[in-house]
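Following: one structure in C-alpha cells, then a few remarks.
Chain IDs A, B, C, D and E follow the sequence of writing; residue 1 opens each chain.
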Amino acid sequence: MGDKDLLVFQIDYLALAPELIVVTTMIIVLALDLILPRPKKYWTATVAVAGTALALVPLAFLVLEDEVRSMFDGSYVVDEFALVLKGLFLVAAYIVFLMSHSYIESERYYQGEYYFLLLASLLGSLVMASSRDLIVLFIGIELVTGPLYMLSGWRKGDVKSNEASMKYFLLGILSTAILLYGMSFLYGLTGEITFAGLAEATAGMADEPALIMAVLLMIVGFAFKISAVPFHFWAPDTYEGAPTPITAYLSVNSKAAGFVAMLLVMYLALPGVAEVWAPALWLLAALSMTIANLTALRQTNIVRLLAYSSVAQAGFMLVPFAAAGVAGADLQEAFAATVIYLVIYAVMNLGAFAVVIAATRSGRSGELSAWSGLARVDPKLGVLVAVFFFSLAGIPPLAGWFAKFAMFRSVMIAGGAATVALAVIAAINAVIALYYYAKVVKSVWLDDPVAEFADDERPAGSLRLALGITVVLTVMIGFFPALATFAGEAARVIASG
Amino acid sequence: MEWFETWGLTLTVFLPLVGVVLLGLIPKENESALKTTGLVASIMTFAASLILIARFDFSSNTYNTYQFEVSETWIGAINANYHVGIDGISLPMLVLSTFVMVLAVIYSWNHWDEPKNPKAFLILMMILATGMNGTFVALDLVLFFLFFEIVLLPMYFMIGIWGDKTPRKIPGFAKEFETRLYAAIKFFLFTLFGSAFLLLGFLALYFESGKSQFGRTFDIPQLTELGASGAFSGTFAFLVFGAIFLGFAVKVPMFPFHTWLPDAHTAAPTVGSVLLAAILLKLGSYGFIRISLPILPEEAVSWAPFIAILAVIGIIYGSLACLAQSDMKRLIAFSSVGHMGFIMLGISTMTDIGINAAIIGMVAHGLITGLLFFIAGSMHHRYHTREMARLGGNIKLMPVMGGILAFTAMASLGLPGLAGFWGEFMSLVASFNPLPGLSLGVFRSAMVIGAIGTILTAGYMLWMLQKVNLGEPGDEWEGKEFHDVDRFELAAWVPLIVLIVVIGFFPKFIFSSTTDVVTSLVDMAFNSETTAAISSQIGG
Amino acid sequence: MMSRLLFAAEEIHAGDGGWWADTAGVMLVLPFVAFLLILAFGKKLKYKGGEIAVAALAINLVWATVLLLMNANSGVLDQITFEIGHIGSGLVFELGWVVDGLSILMFFLVNFVGLVVFVYALGYMKDDVRVDWFFAAFSLFAGAMLVLVGAPNLIQLIIGWEGVGLASYLLIGFYWEDLDNVRAGNKAFLTNKVADVGLILGAILVGVSIGSWDFGAIDFAAFEGAPELAAVATVGGLLLFFGAMGKSAQFPFHIWLPDAMAGPTPVSALMHAATMVTAGIYLMARMFPLFEYMAQNVRIVMIVIGTVTLFGVGLLAIVADDIKRVLAYSTVSQLGYMMTAIAAGGYTAGMFHLFTHASFKALLFLGAGSVIHAVHSNNMSDMGGLRKFMPTTFWTWVVGALALSGIGLSGFWSKDEILATMGEQGLTVVLWISIAGAFVTAFYMARATFLTFFGTYEGDGKPHESPRIMTVPLVILAVPAAIAGVLNIPGLSLPRLGNFTEWLAVRLVPMGDHHAEAINFGLAAIGLVAAVLGVVIGWLIYYPDKETQLQRDSFEIPVLFPLLRKKYYIDDLALGIVALIKGPLARLVDWTSTYVIDGFVNGVARLVKGLGVFVYDTLDQRGVDGVFNGLSAAADGAGSVVRKWQSGRVQQYAASFVAGVLILVALFVFVI
Amino acid sequence: MLLSQFLVLGAALFAFGIYGLLVRRNIVLILLSVELMLNAVNINLIAFESVLVSPEAIGHIFAIFVITVAAAEVGIGLAIVLMIFRNRKSANVDDLNLMRW
Amino acid sequence: MTFLDWISAPVNWVFAILGVVVLFSGFRVVTSRNIVHAALYLVGALAGTAALFLMLSAEFVAWVLVLVYIGAVIVLFLFGIMITRAPTGLDEGLSSDQKALPALLASGVFVMMSWASIDAFGGQLIGSSGEPVPTEVIGDSLFGRFVIPFEVVSFVLLAALIGGITLARRDLSPAEEEERSAV
C-alpha cells in the first residue's frame, strides 16, 4: 500500500452528490436546531424535506447519464441499481418526512434531532446502495440502524416506546455481532472483502463448512434487518411502540436496506454458493410467510397487524432468492423480482402507515375496533384504506398485484420441485393474507361507526401530500407496472455484472 | 372515423373510467348530476360498442384474427403488451356488457339500496364496467388477468356496503353474521383462490412459450398459434389446464365451486346481482373459450369429460337446490348454477355447435337472469321481503310486474321461442355428438341427464311463480298501496324483454357474429373438419 | 329441399297452392298479433278483445278453407322457410310453414274449432274476470298450435309444442287466485315437460343424424332407408313417441288432463278438440314415415301404450262425477284409439278419428260448458233433468254423445276405420280390447247423459238455456259431428271434395298407409253392437228415476270402482315422486351445499383462523416461553419443571435468535 | 502459532458473550456481554489478517471500524438504559414486557 | 503439528497465558455477581485481547483497543452503572435463575464456531514475522480506499452522540421550559 498515493482514488463528486446533499442537510438541520427558538423549529422539517427532494436532482442526472461510476477499487459504485435504490430510499424518506411533520409537531418531540437522525439513517442507506465491499456495507448498515434504535424510543415518556427501543437495540446488536462474525470468517476464508473478489474466490467453495457457517451467520444478520421469521420477534413490539412515522421508516427503509444488503451479498458476492443460501432463504421465506400470516389473523391492533404483514411481505420478497438456488436458474430474474417487490412494497406500505397516522390524528386508537365505520365518517380516508390494504393483499388493479406477479414469475421461471412447493405455500399465504387485510377494509367500510372522533379536521397538508403521492403511485403502478419493472430492469444489469 | 379502428376498443373500455373521474369531481349532494353523468358515461360506452358492431367486418371473421386490434408495449420487462382486439366471439359479450350497464344505471335511478350514496355506487359500477369490458377485449394474458380481477373490488364493496343486512347463521360458526359480510368475503376469497391458480397457469404458459419462435409471451394470439401447433402437451399442459380450469370454474361457477354464488347474489344489492349474473359469471366461461380451448386444445380434450360431468352435476344440483329455497333471490341465484352448467356442457363438447350454444347461452342467461334479478330487486323494494312464503298474489297487486316476472321465468326455463332455449337445446345437440375421440358414453349420458335437468328447471320456476305471483295476496299486504312498475323500471326492462324475444326467434342475431369464428376456432384447435357436418360417427 | 318438393309434387300431381300457400304463414302470425293487440287494447273494447281473437281466427279460417278445398281438389304441396340461424355449414335453423295434406287438415281443424269455441267463449266468458287476458292467452294457444302444425321442421314444432304447453298452463291456471288451479297448471306443464325431454332428445337424435330437422328430409331419409337415420330410428322413434305421450296424454301421462279441467270450459273444449292433445297424434302422423319404414319395433310399444290408454283410462270415466272429467277421460281414451291406430299403420284412420273427434268433443265440451254455465257446478250430482230446461244443449249433446260412442254418426265411421285397420293388421287382442273400449265409451257417455239431462234437477236455482252466442256454436259443431263420417267412407269419393284418405296422402313421400279399402261390415257391426250394448246397460243402470242423483249414481263394482276412484294410484305415485324430489332430495342437495361444500370451505376458514390463534397465542406469544421453559426445565432437572424462565422477553427473543442460527447451521451440516 | 488457536479463543469469547446476553438481567451487563462478542470478532479479524497479510491491512481496518461502531453502540445503549431508568427506576430487562400479549 | 511441537514454541506459552487471562476475564464478565466487577473484568479481557493483537503484529489496533475501550468505553460503562444506581455489592438478581438453556445455546455456538475454524484452518500456521504492520499503511488505507466508510462512521458516532444526548437528558417540564426561554 505504501507505494500507492492518495490521489489514486479520484473522488467523483457528482456520483457522491446525493450523499453530500444529505450530509449538508444534516448539518443545516443541526445548525438550525441550535439557532431557532422552539416555535420555529418546524423549519428543520422543511429543510429536511427540501434537502431530501434536492438530493433527487443529481440522482436524476446520474440516471440520465447512464454510466457506471466506480470508486475506491470498486468498493463504492454508482450504477443503475444503486441509483434505483437510492431513489427508493430518498423518496421513501421524503414521504416519511412528510408523514412525520404533523406527527412530530403534535407532541413535544425534539424536532431538530429527530430529523437529523432520520437523515443520518437515510445517509446510511444511500451508502449501502453503493457499497460493494463488506466494510462499507457494514458501516452503512450501522448508520441505518443506529439512529433508528434511538428514534424508536423517541417518545421518551412512553414506556412502550422505551421498550420498543430497547428490544430493537438489544436484538440489533446481537445480530450485528453475528453478522460481523460471519463477515470475519468470509474475509478469513477468502482474503477478499470486495464483492467482485468474493464472487471469484468463493466460487466452488460451497462444500466448505466454514464458508457455509459464515454465509448462514450473515444471512441471520440480514434476516434480523428484514425481520424474517424466526428473527422477527422484535418487529411487532417495536412497531407498536415506536412513533408511527418511525415504524413506517422501519418497515420500509430499514427493511429495504436489509434487502439491499442481502441482494448485494448474495447475488454479487456469493453467487457461487447459491446452493447454500438459497435453501436457507427458502426456509426463512416459507416460515416468514406462514407464521406471520397466521399470526396476523389474530391481531386487533392495526400497527401490530401491519408489523406481521411486513414480516409476511418479507417472506414473499425472499421467495425469489430461494428460486435462485435452482440449478441453472436465472439469477437476474430472481434479483429483479425482489427489487420490483421492494419498490412496490415500499410505496404501498408507506401509504398504509400514512393512513394510520391520518386515522389516528384525532385520537382514534390503533385498535381495529376503533376504525369501524371510518369510511362513513371520512370516505376519502376510507378509499385510501381500501387502496393500500387491498394493494398489500395483492388485488389487481392495485400495485401489489404486480409485486406478487413478479414474485411468482421468478419462481416459475426457475422451476424445480422445491421452488414450486414454495410457490404453492406463497399462493396459500396470499389468500390467508387477504383475509386480514380485508378484515381491516371490512371494519372501515362495512361496519357501523362506533364512536365519534373529531374527524372533520383535515389532515395536515404534508400528510395529505404523502397520502397523495403514495396513492397515485399505488394505482399507477397497478395499471402501468412498467413503472416498477424499470427498477427491476436496472437491477438486472447489475446482477449480470 | 379512422381513429376508431385503432382506438375504438380502448374507448369502449376506458370511457367508464372517465365517468369515474367525473363522478369523483361532482359533490355527493348533487344527486341528479351524478346520475346524469353515470348515465351519459354508460350510454356513450354503449354507443361506442354499437359503432364497433357497425364497423365490424363480419365477412372476415375467422379465429385468431382480430379486429380493431391495438398492440402497444405495456410492461416491457415481461413482454406483456396492451393488446386488445375483438372477434365474433367477444363482440356479443362486449355489447352485452355495455348494454346491461346502461340498463343498470337507468334502473338504479330511483332504486338505491341503503345506505344510498349514489356517488360511490355509480363509481363502483363504472369501475366494474371497465373491468368487464376489458376482459372481453384483452388479448394478452396479463392484461386479461388484470381486467378479470378489477371486477373483484367493486363487487366486494357493492355486496359489503349495500348488501343484505339481515343476520344469518353460518354453518360451522357459532355466532351470526350479517349476510352481506359473509357473502362479500366469501365471494372475494373464492374468486381470489381461483385467480391464484389462474395466474400460475398463465405464468406456466408464458415460460413454456419461451421454447417457441415467439420467445416468452403472454400474447393470446401467439399462444393460440402455438397451441394449435401442439406446442403445449404432456403433464405440463395437463397441470396448466387444471390450474386455469380452477380459476375459471370458480368464476363460472361450476359445481362444486359454486357456493359463493347463492350467497353473493342473495346478499348483493339489486344492480350488483344483475351485473354479477349478467356479466361477471360470463367472464369465466368466456375465459374457457378464449384461453383454455385454443391454447391447450389437447388438454381441453382430455379434460372435457370431466368438465361435462361437473357441468351436468351442476345442472341437476343447481336445480334441485332451487327447489329447496325459500328466498326468491337465492332461488334465482341457484338457477344460475344450473344454467351455467348448460353453458359449460356446451363448451366441454369442443364442437362448434357446443361453443355457439355456450355463447348464445351466455347472452341469453345474461339477459334473462339479469331481468329476473331486476324484478326480484323491485319486489323486495316494495314488499321488503324475499320470503316466498310471505309473497303471493303479486300479479294481482302488480299486474305488469307479475306479468314480466312470469314472462322472464318462462324464458329462464328455456321456453322455445325465447332466448334461453337455444343455449340449452344446442348444448344437448352438441353433447350428442361431441368432438370425435371424446367418450360418447359420457357425453350422451350428459345429454340425457341435462335434458332431465330441464324438467327440474321448469319445476322450480313454476313453483316460484306459484308462490310469488299467483294465489291470493297474503293478509299482511291488505290495504297497502303497491306501485306497479315505474318508468325507470320499464325503461330498463323492456329492452331486455325485446331482446329475449328477438334472440328467441332469431338466434342469427348472435350466430351471425359467432358461427364463422367458432367454426374456424374448432378447426384450428382440434384440426378437424367442421363438426357440424355431423354424419360421421352415428352409432359408433 | 325444393327439388325434392318439386319432385314429390310431380309424383302425386299436386299443385304448389299458389298465393294461398305462399301466404299461409299469415295464419301462424295472426293469432300472435291478436295476442299483442288484446294485451294492448283489449280492456277498452266491448268484448274485451274477444272480437280481435275471433277476427284473427276468422281470417285464418279463410286461408284454411281455401287451402283445404284446393288440396281436396288437386293436392297442395308447398314449403316456405326462412333461416333464423346456422352453425357452421351443417346445422341450420329455419322457421316457416309447410303446406301439405296433413298440415292443411290441421290448419282447418284448429281454425274452425277454434273459431267456434272463441265465439262461444264470447258468451261464456262475458262476465268473467280478466276477459282480455283470457282471449289473449286463448289466441296464444291457437297461435302456438298453428305454429306447431305448420312447422316445416322439428325445431319449429318444438317451439309451437312448448308454446302450446305454455298457453295451456296459462289457461288451466286462469283462475290463479285459487292455488288448486295453479297446481293443475303446474301439473300439466310439468307432466308435459317430462315428456318433452323425449321429444327434444328424439329431435336431436333424428336431426343430428341426418343433419337436418326438416320433415321433408326426415321423410325422405326414412323412405329411402338412409343408414344414418336407420341407426337411430328405434331410439329416436321411441323418444319422439315419449314426447307425444305427454301432449296426447297417453298412459301414464294422462294424469294432467283431467286436472286441466280447472280452466274455463272453452279452454277445455279447445284443448281437447283441436289444440294441445292432438299435437302428439299430429307428431306421430308427421313422423309417420319414420315409424312406417324404419322404427317398426317402436310401434309395438305404441300399440301397447295406446291400448292400455284407450281401455284403462276410459274406465276411469265411469266413476267421475265431474262432467268435464268424464269428457276428459273419454278424450284420453279416444287419443288411445288414435295412437293405436297410427301405431298399427293406420295413418289415415288415426287422423280421421282425430278429425271427427275434434268436432264432437268440442261439441260435448261446449255443451258441458253450457250446462255448467246454467248450473254453476261441474258435478253431475248437482244436475239432472236438464233436458227440459236446455233443449238445444241437450240435443246437440246427444249428437255429440252418439258420435263419441260410435253409434251411427261421425265417430262410428272413424272408429270403425280404426277397428278395421287393427283387424287388417291381425292385432286381434288389441281389436277386442278396442271393442270393449267402445262398449265402455258408450256406457259412460250414457251414464253422463242420463245423469245430467234425465231425472230431476237437484241443483240450486232455476237453470236456463244458454244465450244465442253459445248455442249457435253448438249447433254449428253438431253438423260435422253428425256427418263428417262421410268424408272417409272407404270407396266413397265426394264430388269436389274427394276423400279424406286422398287429402292426407298429399305428402312428400308415400305414407305406406294401411287403411281399409272397403267397409268391414262385420267389425262395424260388432263395434256398433258393443256401443249400443253400452248405452243399453247404461240406460238400465242410470235411467231409472230414483229420488236423488246420488242414489242414481250408486252403481258399484267392488274392487274395480274403488281402484278407479283412486285412479290406479298413478296420480299419487307421481305426486309422491314430485314430493320426494321437492322435499327430501332438494333439501338434501341444499343441505350438502350449505353444510358439506360450504361446511368444508368454512371449516378451512376456521382451521386457518384457529391456526392463527394457535400460532399467535401459543407459538408466537407463549410458545417461546413454553418451549424455552420446557427446555430449560428439562435442562435444570425435574425439580424445576414448574418454574418459569425468569428473564424478560427480549432474551427469549434473543434465545430464539441464537437457536435459529444453530438450527439453520445444523440443518446444513446434518441434513443437506 | 496456529491460526485456529486464535479462532477457538474468539469462538469461546463469542459464546461467553451469548451466554451473558441470554442470562444477564441488567441491561448494562448485557451490553458488556455484547462487547465480548464484538471483541471476539476483532480477534478473528486480526488473526486472519496475520495470515493473509493484505497490502491494505484490511483486517486491521475492519477491526478499527468494529471498535468504533462498538463504541457508538455502547453510547446508544447507555442512552437507552438511562431513558428507561428514568421512566421505570430499573435497568432490568425483565420489566420490559408491556407488549407481551 | 503435534501438541508437543506446539507447546515447545515460546510464543505459544505467551498465547496460553494471555488466552487464560482473556477467557477467565470473559467468563467473569458474564458470571460476576458484582456489576462493577463485571465491568472491570471486561477491562481484563480487553487488555488481554490487546496483548494478543500485539502478538499478531497489530500494533495500531491493539493501542486503539486500549485507548478506545479501556480509556473511554469502560468509563462510560461505569458512569452508566453509577447513574442507574445499581448496587455495587453482590447482587443475586443480576443473572436469571435459568442458566441451563443459555449455557446450552452458548456451548452450541462455541462448538459450531470452533469446529468450523478447525475444519477450515486446522493446521495453518501464522508466519511469525513479528514485524508490526506499519501505522502508515493503516493510515493510507483509512484515508484512501476506506475514506468513505471512515467518513460515514463519523456520522455513526455523531448520530449516537446527538441521539444519546437527546434520549438521556431529562426533559424539562413546561414550566421550566418557559422559565428558560424567558431568560
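Here is the rule we use: a residue touches a chain if its C-beta (ideal position, glycine included) is under 8 Å from a C-beta of that chain, and two chains touch if they have at least 3 such contacts.
Keep in mind it's a predicted model, so treat the numbers as computed, not measured.
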item	value
Required steps from subunit A to subunit E (each step between touching chains, minimum)	1
Farthest chain relative to subunit A (centres taken as mean CA coordinates)	C
Centroid comparison with subunit B (C-alpha atoms), farthest chain	E
Chain pair, C-D or D-E, that carries the greater number of C-beta contacts	D-E
Computed distance of Cα centres, subunit C from subunit B, in Å	34
Separation of mean Cα positions, subunit D and subunit B [Å, integer]	65
Rounded Å distance between subunit C and subunit E, as computed from the means of their C-alpha atoms	101
Computed distance of Cα centres, subunit B from subunit A, in Å	42
Overlap residues in subunit C, where contacts from two or more other chains coincide	605, 646-647, 649-651, 654-655, 658-659, 661, 665
Junction residues of subunit E - those touching two or more other chains	96, 98, 101-103, 105-106, 109, 112-113, 117, 121, 137, 140-141, 144-146, 149, 153, 156, 159-160, 163-164, 167
Subunit D, residues touching no fewer than two other chains	14, 17-18, 21-23, 25, 31, 47, 51, 55-59, 61, 65, 69, 72-73, 76, 79-80, 83, 86, 92-93, 96-97
Chain-chain contacts as defined at top	A-B, A-C, A-D, A-E, B-C, C-D, C-E, D-E
Residue numbers on subunit A that touch subunit E, as the complex places them	1-2, 4, 6, 8-9, 11, 23, 26, 30, 37-38, 71-73, 75-76, 108, 110, 113, 116-117, 120-121, 123-124, 127, 135-136, 138-140, 142-143, 146-147, 149-151, 153, 156-157, 181, 185, 188-189, 208-211, 213-214
Touch list for subunit E against partner subunit A, complex	112-113, 115-117, 119-121, 134, 136-137, 140-141, 143-149, 152-153, 155-156, 158-160, 162-164, 166-167, 171, 177, 181
Residues of subunit A that touch subunit B when the two form their complex	336, 376, 379, 386, 390, 395-397, 401-402, 405-406, 408-409, 412-413, 415, 423, 427, 430-431, 434-435, 438, 442, 445-446, 479-482, 485-486, 488-489
Complex contacts: residues of subunit E adjacent to subunit D	1, 6, 9, 11-12, 15, 19, 22-23, 26-27, 29-30, 35, 38-39, 42, 45-46, 49, 52-53, 55-58, 60-61, 64-65, 68-69, 72-73, 76-77, 79-81, 83-84, 86, 93-96, 98-99, 101-103, 105-107, 109-110, 113-114, 117-118, 121-128, 133, 137-138, 140-142, 144-146, 149, 153, 156-157, 159-161, 163-165, 167-168, 170
Residues on subunit B engaged by subunit C in the complex (per definition of touch)	170-173, 186, 189-190, 256, 258-259, 262, 317, 320-325, 352-353, 356, 393, 395-396, 410, 415-417, 421-422, 425-426, 428-429, 432-433, 447-448, 451-452, 454-456, 458-459, 462-463, 466, 469-472, 505-512, 515, 518-519, 530-535, 538-539
